[in-house]
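Paired with subunit B in one complex and with subunit C in the other, subunit A is shared by the two complexes that follow.
Moving on to the complex of A and B:
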């Protein structure tokens, strides 16, 4: 996440990044087994509220990211709503058949997409990439060449973007971006890809050689500049997430919004 | 020669993945525009999202780089709050694994059109498997599901198969790939002449 967009720090920042990622990755698996629309509604509600409470992101940026996530969620639900299987037909127009079942299932998929985008944003906006990779090395014993490889590569992103804009300006000046259509897109993508790839590969190769020349090695007993450990925040984090999931399950039984307890039926 | 990835292989692979991250931003609107039509037309361009893996392994020609490239692209999505977040992480991981399997099937000896197209199909298969769990695609009307699968495989074969090979051929012409590729038997033969 762009550091300039982060305006405040919440206790989510103090949670061990590797553990935070593990918990969030596990949540995805849990979500695959939820077929109850009510549970999905409450779960999305719970995590949406906790995102608003704990994110460090500036409000305007946050709004636009959520808005894009919302549009994406709607788009991902439309196919199922329009063309899904179902017996209780609500609306029909040629191939397009909206049934109660397909509508419920479509909403379920849309909510699921939105939920995991929000959870992903909660992670991204409260985790510093550098600390994440240091944590991977120290807590999960990820080999340093991978972690530092990632860090060095991410550091090149701004340079790559700058190059991208340079290429774009160069193409504009030569009038190469006027053509429209799929074929023009294809040639455009190819031109960008070759220019960006060749430059980036050269740069990456040089950086790797430079790192090894400065004695970057795989020796055991490496010391770290940032020491990442577990703390009491990790326990609070796990309890919070477990509590949110449990609350969503309980609320879906106590206050169901819809009659659809299994969207697969 | 060691089969393990060196720092330079890793760095080059991750950087390739990040370049694709930028290209995806160009491609994203194409897919989104096609989506609301509903007849699964967007599946034809879905293959673009599989491309980082095949391209990375075609350039570096080392076991494991396809998986690493897809994971790196997915990790980037997660860390920079890209579209989909943690969802793309799992899709990236599964796709990378299946691309890798295609090359493994030929014992990392062949890096031609056939294997690359197969690896594209592999990635399409991986994404479909996840779609069963995440997107309930089996609950779509039969004809719609069939369109989805056919279009996705066509797109995957064309974009992450044929286009990937064409792209890497063009990169070969720039000479940059010889920086990272392991020395082949042909290179030794040249020395013997």
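Moving on to the complex of A and C:
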């Protein structure tokens, strides 16, 4: 994440990134097998709160990302709510049918979308790319050419961003805006693509040569500037995540909000 | 092989051709150099000197696959390379990480890294408070010094410098060479460079190439500078005294405008331009008139480009801006620093006709006009090529030509001679002068003081977003006083509304 976006550091930053990645991936899989709406509600709630507690992201950016996640969740739930099958019809208008069952399923899908986004953000906003790739190389023996390839690509993003604005200004000056119509719009998009891609491809090629000039090679072993190891934070992290999941399961039985324990039925 | 070892490093009878090119770039070329030599490879752009340097260090064919053959080759074991483009030679985001990357590649223990990083940064004069700093936030000159530091981190016997200052302003150029001079004591250095005034005192040998990639001479620097002036001039090399060689000791004479008439073309009143929502430049009052050549000078970050972009409506501004021209969309034009961004078609000839096409001009007229411009800008041979395939000089000419084909009354230029060789620079300047004579106003951001002294009629120095100085140059004073026949004083307080 960009340095300007991250405003504080929490102990989640100290967790080994490769391990964090593994645990988060496992959570995604667990999420797939939850069909109890109550569990889903509690799980989403638990992780939403822990995201708010542990993220280092600036508040406004955090808000807009969550807002986007919320919109996505609503969109994915409506497809199920409006057109799902069910016996207890609540509302019908032409081809729109809302039933109790479809409402439950829709909510479930919407929550899952939101849950996944929040978990993903929890990882992305508490992990520095450099440390993540260094950890991948050291903990799971990811080949350096991929790790540094990604890192070099990260470096190019802000450059491309600036380039985009320059190209937009240049197009305006050349009078691209004076041309109207669908064809003009098509040629404009094509110009942006050619200009951005050609610059990026050449830059990538030059960077690759420069990296080899700095004796980067696949064959030799290498030392690391950042040594990534496991620490007690990792244990705390695993216990926290496991605790959150267990709590969600227990709460869903102890305090169920809805009667739907299996949305597939 | 024996002969080469005695002579140091080098290559014998090198033959090299880029794929899909009919002609060989380098043919039977032999080049030797010894330890401790400081060598400058000189020649016209595209003559293959940069390619030769990549062969000498082994980047070709190991990293860049180009078909080549040589009878004998001897490549140094330890070498470092500094490339031309400051933005494409780093793979990490932070300064310390970039040097660490080089150390990691050599398997230097992690414990030793922080001290070494500090050492190399100090050596190139990058005294950062905290070396964990975003590379993106460095200036071009600092980036090139970082590139030099990472080359030093390889502990090289031979240092290859491939036009390291091509994308730097005069200050960055001077500082970089100062650094290179300090760190290369006793080291072997091979340099390719067009701007040579700053390096002559530490170079002891020059190899001069012609446009066919053949070595025409090879010897002590002083001899070549005195005996091969003609070639240096022809190849567009920025040798010391190149301006005097072309234009003599004084500034340009100022002929009367073709039609004597006074008019203010643009007026700014309490004009503030914003970049990223912050005010970057504030101009209380400024007017620019017919036949003026205004240069905007000042340090990096003073707001020169911002001012131009504000004038062109490319950035948000507050205050008043008025154009007194027929049509401010077509009669005011802007040439960007990087010509490639401005290309909007796939063929040189289409590129030239584009803005006329937008205006729905009669196709026959467009064709005639494009033909004339192709010849005027010496792009006729390239008329069916893709703009991206042109050489640096040709690209610049095309971007200027395609903007000027509309015959603008005000021409805004953002460092138009940046990265150009001497020959191209002079051609461009003379072209702008031609437009000025016809009555156009030229507003140009530049770092080159020779342009300010020789061509400009007025110089505005910006500092921290404010006008520090706004003066007529000697040439401008003559224009106002009418010594050269201009006849009338240009009065900036008056303005005419069309």
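Note that the second predicted complex is superposed on the first by the 246 of 265 C-alpha atoms of A that agree within 3 Å, B and C clash if a C-alpha of one lies under 4 Å from a C-alpha of the other, contacts with A are read in each partner's own complex, and residues count from 1 in each chain.
Methods note: a contact is a pair of C-beta atoms (placed from the backbone, for glycine too) under 8 Å apart; a residue touches a chain by one contact, two chains touch by 3 or more.
Since this is a predicted model, take the numbers as computed values, not measurements.
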Task: Put subunit B and subunit C onto subunit A via the superposition and say whether they clash or fit.
output: fit
Field: Touched partner set for A:263, first subunit B, second subunit C, both or neither
entry: first
Message: For A:140, using the defined touch cut-off, is the partner it touches subunit B, subunit C, both, or neither? Pick first, second, both or neither.
response: neither
Field: Which partner, subunit B or subunit C, touches more subunit A residues
entry: B
Field: First, second, both or neither for A:242, with subunit B first and subunit C second
entry: neither
- request: Name the contact category of A:201: first (subunit B only), second (subunit C only), both, or neither.
  value: first
- prompt: Who does A:211 touch here: subunit B (first), subunit C (second), both, or neither?
  reply: both
Query: In the superposed arrangement, does A:97 touch subunit B (first), subunit C (second), both or neither?
result: first
Message: Per the contact definition in the header, classify A:158: touching subunit B only (first), subunit C only (second), both, or neither.
response: second
Query: Put subunit A at the vertex: what angle do the Cα centres of subunit B and subunit C make there, to the nearest 10 degrees?
result: 70
Message: Contact-wise, after the overlay, does A:84 reach subunit B, subunit C, both or neither (first, second, both, neither)?
response: first
Task: Just the number, please: smallest Cα separation between subunit B and subunit C in the overlaid arrangement, in Å.
output: 7
- prompt: So which positions on subunit A get touched by both subunit B and subunit C?
  reply: 148, 152, 154, 198, 202-203, 207-209, 211-212, 216
Task: In the complex, go through subunit A and note every residue touching subunit B.
output: 1-2, 21, 24-25, 27-28, 32, 65, 68-69, 72, 75-76, 78-80, 82-85, 95-97, 102, 105, 108-109, 112-113, 116-117, 119-121, 123-125, 127, 129, 132, 145-146, 148-150, 152-154, 156-157, 160-161, 164, 185-186, 188-190, 192-194, 196-198, 200-205, 207-209, 211-212, 216, 263-264
Task: Could you pull out which subunit C residues touch subunit A in their complex?
output: 57, 59, 62-64, 80-81, 83, 85, 87-94, 96-97, 100-110, 113, 134-136, 150, 154, 309, 312, 314, 329-330, 333-334, 336, 338, 340-344, 354-355, 358, 388, 402-403
- prompt: Which subunit A residues qualify as touching subunit C in the complex?
  reply: 3, 130, 148, 151-152, 154-155, 158-159, 163, 166-167, 169-176, 178-179, 187, 191, 195, 198-199, 202-203, 206-217, 220-225, 227
Field: Contacting residues of subunit B [partner subunit A, same complex]
entry: 5-8, 10-12, 14-19, 22-23, 26-27, 30, 32, 35-36, 38, 40, 55, 59, 68, 72, 75-81, 83-87, 89-90, 133-136, 139-141, 143-144, 163, 166-167, 170-171, 174, 176-177, 179-180
